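Presented below are the structures under discussion, each in the form of structure tokens.
Shared chain: subunit A. Partners: subunit B in the first complex, subunit C in the second.
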Partner chain A sequence: MKLLLSIVVVAALAAVPLWLSDPYLLNALITTGIFVIGAMSLNLLLGFTGQLSLGHIAFFGIGAYVSALTSLGFSVSLPFGLHVVHEPWPPLAGFAIAVLVSGLCGYLVGRLSFRVRGAYFVIVTISFAEVVRLVALNWVELTQGPLALTSIPPMQVGFPGLGEFVFRTKLHNYYLVLGVAVACYLLIARLVRSHVGRAMRGLMENETLAVSIGIDVTKTLTLAAVVSAGICGGAGSLYAHYIKIIDPEVFAFINTVTMVIMVITGGKGTLAGPVVGGLIFGLMPVALRPVMAPEAQWIAYGSALIVILFIMPRGIVPALMQWFPRMKPVTAPGFAKRGVEESA
Partner chain B sequence: MGELFQHLINTLVLGGTYALLGIGLTLIFGIMNVVNFTHGILYTFGAYVMFIVVQKFELNFFVALPLSIASGWALGALVELTLLRPLRGSDIDTTMLVMIGAWIAMQSATLWVWGGVAKSVPTPFPDAPLEIGPVSVSWLRLFVLVAAGALIVLTYILINRTRLGSAMRATFQDQDTAALMGVNVNLIYTSTFALGSSLAAAAGALLGPVYVVYPAMGDLAAVKAFAIVILGGLGNITGAVIGGFILALAEELGAGYISSGYRDAMGFLIIIAVLIFRPTGLFPRAERVG
Partner chain C sequence: MTAAAALKQPAVKTALSVDKVAMHFGGLVAISDMTFSVGEGEIVSLIGPNGAGKTTAFNVVTGFLTPTHGDVTYRGQSLRGMKPQAIADLGLIRTFQRTSVFPNDTVYDNVLIGLHRRGRVGVLPSVLGLPRVRRLEAELKQKAAELVEWVGLGRRADDLAGSLSYGEQRLVGVALALAAEPSMLLLDEPVSGMNASETHTFVQLIRKIRDRGITILLVEHDMPMVMSVSDRIVVLNYGRIIAEGTPDVIRNDPAVIEAYLGQGVKHA
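Entry: the complex of A and B
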């Protein structure tokens, strides 16, 4: 049932470009897909360990900048007379390095900030993202500051013996994003159902109890942060090579908020939640565009968040699961059960 | 040397308003335990009320200030009544996300109604600054310092010397006992949130004329307020005042001697450093005033 539903959904998404050729809508789907990947990575932290990272866009932006700089090359002077010159590398190497560097940042942020919890953790992560944004804005020699990095090459994959494939068109990028999204979904699903995933949920539900039975809190949380940041960095890399221009605005707080909204409304702690919430909120501006001014769209956005939190505090997917119990297996085990028990 | 004195004078002016922001948020975040993302909006709102009253209604600058504070009080009370009261008792994350939603909606409303163009507020003060030896300070900034100081003292008296203040302290120490003693707990929640909000509006109304008024001005103010609260310790009003001046000093010296581009990074770096090395704030002993 679960497998069948997943295959049907992926097949339906893969078939979309067959009947949809409008470039504006295709573009909206691609950027939404990239943000859905970001939301899935955020969900790993927020939904499965209970830690709300409101600086998550930092990893996305770092991934975008690292990937862009790797494939564009740069030349910077550092203190003590050091001078670093980097020749352009292929975009695929940029993607790999983006994932690694973002994961490393996730490790550092995790090690430092998991000393604090709750509201404090939230504020540390916001601060981290703002500091990174200010560095991107002010380190003009490396990042071009507000002038933005431009002419970022499109993603490109080499097959031995078959030559290079360049993801030039929107159609190519649509399938690239869909493929990466499915891979990330499978990776996260695998992780949360593993031993480590159970440790994460144990921590979220009762940290003291989890510690007392021998779960290493910092190690588990840091692992979640590394995987989450790495995936988000990968999404950032896809974004950079698709949009082809990156400026410090990518670090805007509103982008983190967008991911949080996607996760919360879809249902945190469910695997399908970020996808459902992401498609709704990612495509909402497309639906609202003909009827509302951009500022009014944001008012609707904020109001929608409040309304959903008031009527469905656990999100859309858990609410659906209560109405259609047979859909249950789509979520991580343990969660659906807990939801039903709580509401009963 | 003259440059250093100039930085210190600027620190005093900036620090006074930062202290107001910090006291406001320490009441809401520190005592009520609400991660208040609308604090920056109240700051923006205070500045816009100042602009509208002075520019559109052509009323006196000194009349506009209390009006702006009163509007901040009213808007804060409205937010508490409509959004926070129904959510009382739900977990901190839900409340925080609702406040984020309110922040997005309200900030976009500001942008929609007043447009994105930065506005400047006309003031009745002479353009020529006051010169004391090598240091110069504009009359407006001097007024901001005096007004902020007066508001800090008033707030201190309100909380420590009045019946409302003791009811507030009692409520946040032990809600049930306070209710048994005849304190209207709901009223206290609303008044505390409104008081904190009105202080944010006051800070905006004072700093708006010094700089310019624009819809996103409150975003940085909100994060700075969080930095001040964390620096001073949750719920610690004296700590918030000291934290405000420390942040202002760090920004002034950072901008003056390191790089003006990183001026706004100081608040964030302070947050990160304090939470990593001294998570209870710099003055942990007096942590629970409320």
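Entry: the complex of A and C
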């Protein structure tokens, strides 16, 4: 049942470009897809460990900048007369390094704040995002500051014996984003159903009890932060190579808020939540634009948010699970039922 | 210290020893100069009126509090400076006086979380779903189902722990603690909220746990239960040990009678 629904959804998404050729809409789907990946990564922290990262876009932006700079090359002077020159590398290397660097930042932020947690983590993440934004804005030699990094090459993957494939068109990028999103979804699903996921759940529900049975708080939360930040950095990399231009605006707080809205409305702590919330709030502006003035769009956006949370305080997916109990195994965040093998 | 206790002690190897422990909260002395030990395989009860310092003693032993003075040693290793999860890794596992469950998970999943110590594998192997990890997971699921049965919650396995009666939640807490594979189990008022027949069943459960080779330190207000299940009893009053010995000795100890008559036994 669960597997079937997953296959149907992925197949339906894969079939979209067959009937939808409007480049504007395809573009909206691609950027929404990228943000859905970001929202999924945020959900890993917020929904499965209860830690709110209000600077999550920092990891996205770092991924975008690192990937862009790796593939564009750069030359900077550092203190003590050091001069670093980096020749352009393939975009795929940029993607990998973006994931690693973002993951490392997640590690540092986690280490710094998980000793105290809660509000402290929220503040550290907000500050971190602001600091990174200021660096991107002011380290002009490296990032071009407000002038933006331009001419970022498209993503490119080499197949041994078959040559290089360049994700040049919107269609290519659509499938690239879909593929990465599915991979991230599976990764997160596996993680939260593993023993690490159980430890995260235990910590979220009753930390004292979790600690008393041998669960390591700092280690578990830091791991979640690393994976979450790494995935978000990967999404940032996709964004950079698709949009081909990035500036410090990518770090805007509103982008984090958008991800939080996607997670909360879809249902935090459910695997499908960020996807559902992400598609709704990612595509809503596109749907509203032809029929409404910009100010009215924001009002509609806000109203939709309020209405959803009023009717379904825990989000859309948990509400659906409650209304249609038979659907429960489809998105249940918990663990496999006894005796039934999971095929996540 | 009574003669009976002194005679009994050398017979068994010491599991836990609490040595001159004091715990101060600012000006409040919750425990002062507490010394007692628990032998391997023993069932020892720590009793005393409300506020005597029993839970505080548990918190000190399991690393949730750092004692102001004194030392706690488990199987020859000093626990000074160790974090609770590290102490848990030594096999010293406790339950809590209040909530001892993960309320939003089923009973079965509670126990599965409890199996954390046994289920530890690398992140990468578990994300990749290596055969080794799959086997381990299958084993854990089996083990969790067995434990749920074993404590008598089989019918409740798929209910949310938070929806259970207070007495049943205590059982979940015990199952969870057992899942962590203790060599010594500290139970903080496990039968509070249970009716007489549940308590009776629980006493048998405690004996079964001991028969698995698990040492037990019990905090409980239910005197008949304490008297029937304990090998030895340590009595605390105002943070001090006022008596120690077998149930028979404790029953007739004037200081104990005085402490309880003075305060009355409250059933928390």
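Here is the rule we use: the second predicted complex is superposed on the first by the 324 of 344 C-alpha atoms of A that agree within 3 Å, B and C clash if a C-alpha of one lies under 4 Å from a C-alpha of the other, contacts with A are read in each partner's own complex, and residues count from 1 in each chain.
One rule holds for everything that comes next: a contact is a pair of C-beta atoms (placed from the backbone, for glycine too) under 8 Å apart; a residue touches a chain by one contact, two chains touch by 3 or more.
Because the structure is predicted, anything quoted here is derived from the model rather than measured.
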Message: Looking at A:138, would you say it contacts subunit B, subunit C, both, or neither? Reply first, second, both or neither.
response: first
- prompt: For A:208, is the partner it touches subunit B (first), subunit C (second), both, or none of the two (neither)?
  reply: second
- prompt: Where does A:187 make contact in the superposed view: on subunit B (first), on subunit C (second), on both, or on neither?
  reply: second
- prompt: Taking the superposition as given, does A:198 touch the first partner, subunit B, the second, subunit C, both, or neither?
  reply: second
Field: Larger contact residue set on subunit A - subunit B or subunit C
entry: B
Message: Looking at A:305 after the superposition, I want to know if it touches subunit B, subunit C, both of them or none. Which is it: first, second, both, neither?
response: first
Task: Could you look at A:148 and tell me whether it touches subunit B, subunit C, both or neither (first, second, both, neither)?
output: neither
Message: Just to be sure I read the superposition right, which of the two partners does A:288 touch: subunit B = first, subunit C = second, or both, or neither?
response: neither
Message: Based on the A-chain superposition described above, do subunit B and subunit C contact any of the same residues on subunit A, and if so which?
response: none
Message: Considering only the defined contacts, which subunit B positions touch subunit A in the complex?
response: 29, 35, 83, 86-87, 90, 92-94, 96-98, 100-109, 111-112, 219, 223, 226-227, 230, 259, 261-262, 264-265, 267-269, 271-272, 275-276, 279
Message: For a test of understanding, state which residues of subunit A touch subunit C in their complex under the given definition.
response: 187, 190-191, 194-196, 198-199, 201-202, 205-206, 208-217, 223, 334-336, 338-339
Message: Could you list, by residue number, the parts of subunit C that touch subunit A in their complex?
response: 62, 64, 83-85, 88-89, 93-94, 96, 99-106, 108-109, 112-114, 116-117, 119-121, 123, 126-129, 133, 137, 140-141, 144-145, 157, 176-177, 179-180
- line: Listed in rising order, subunit A residues that touch subunit B in their complex are 52, 112-113, 115-116, 118-120, 122-124, 126-128, 130-131, 134, 137-138, 253-254, 257, 260, 264, 293, 295-299, 301-306, 309-310, 313
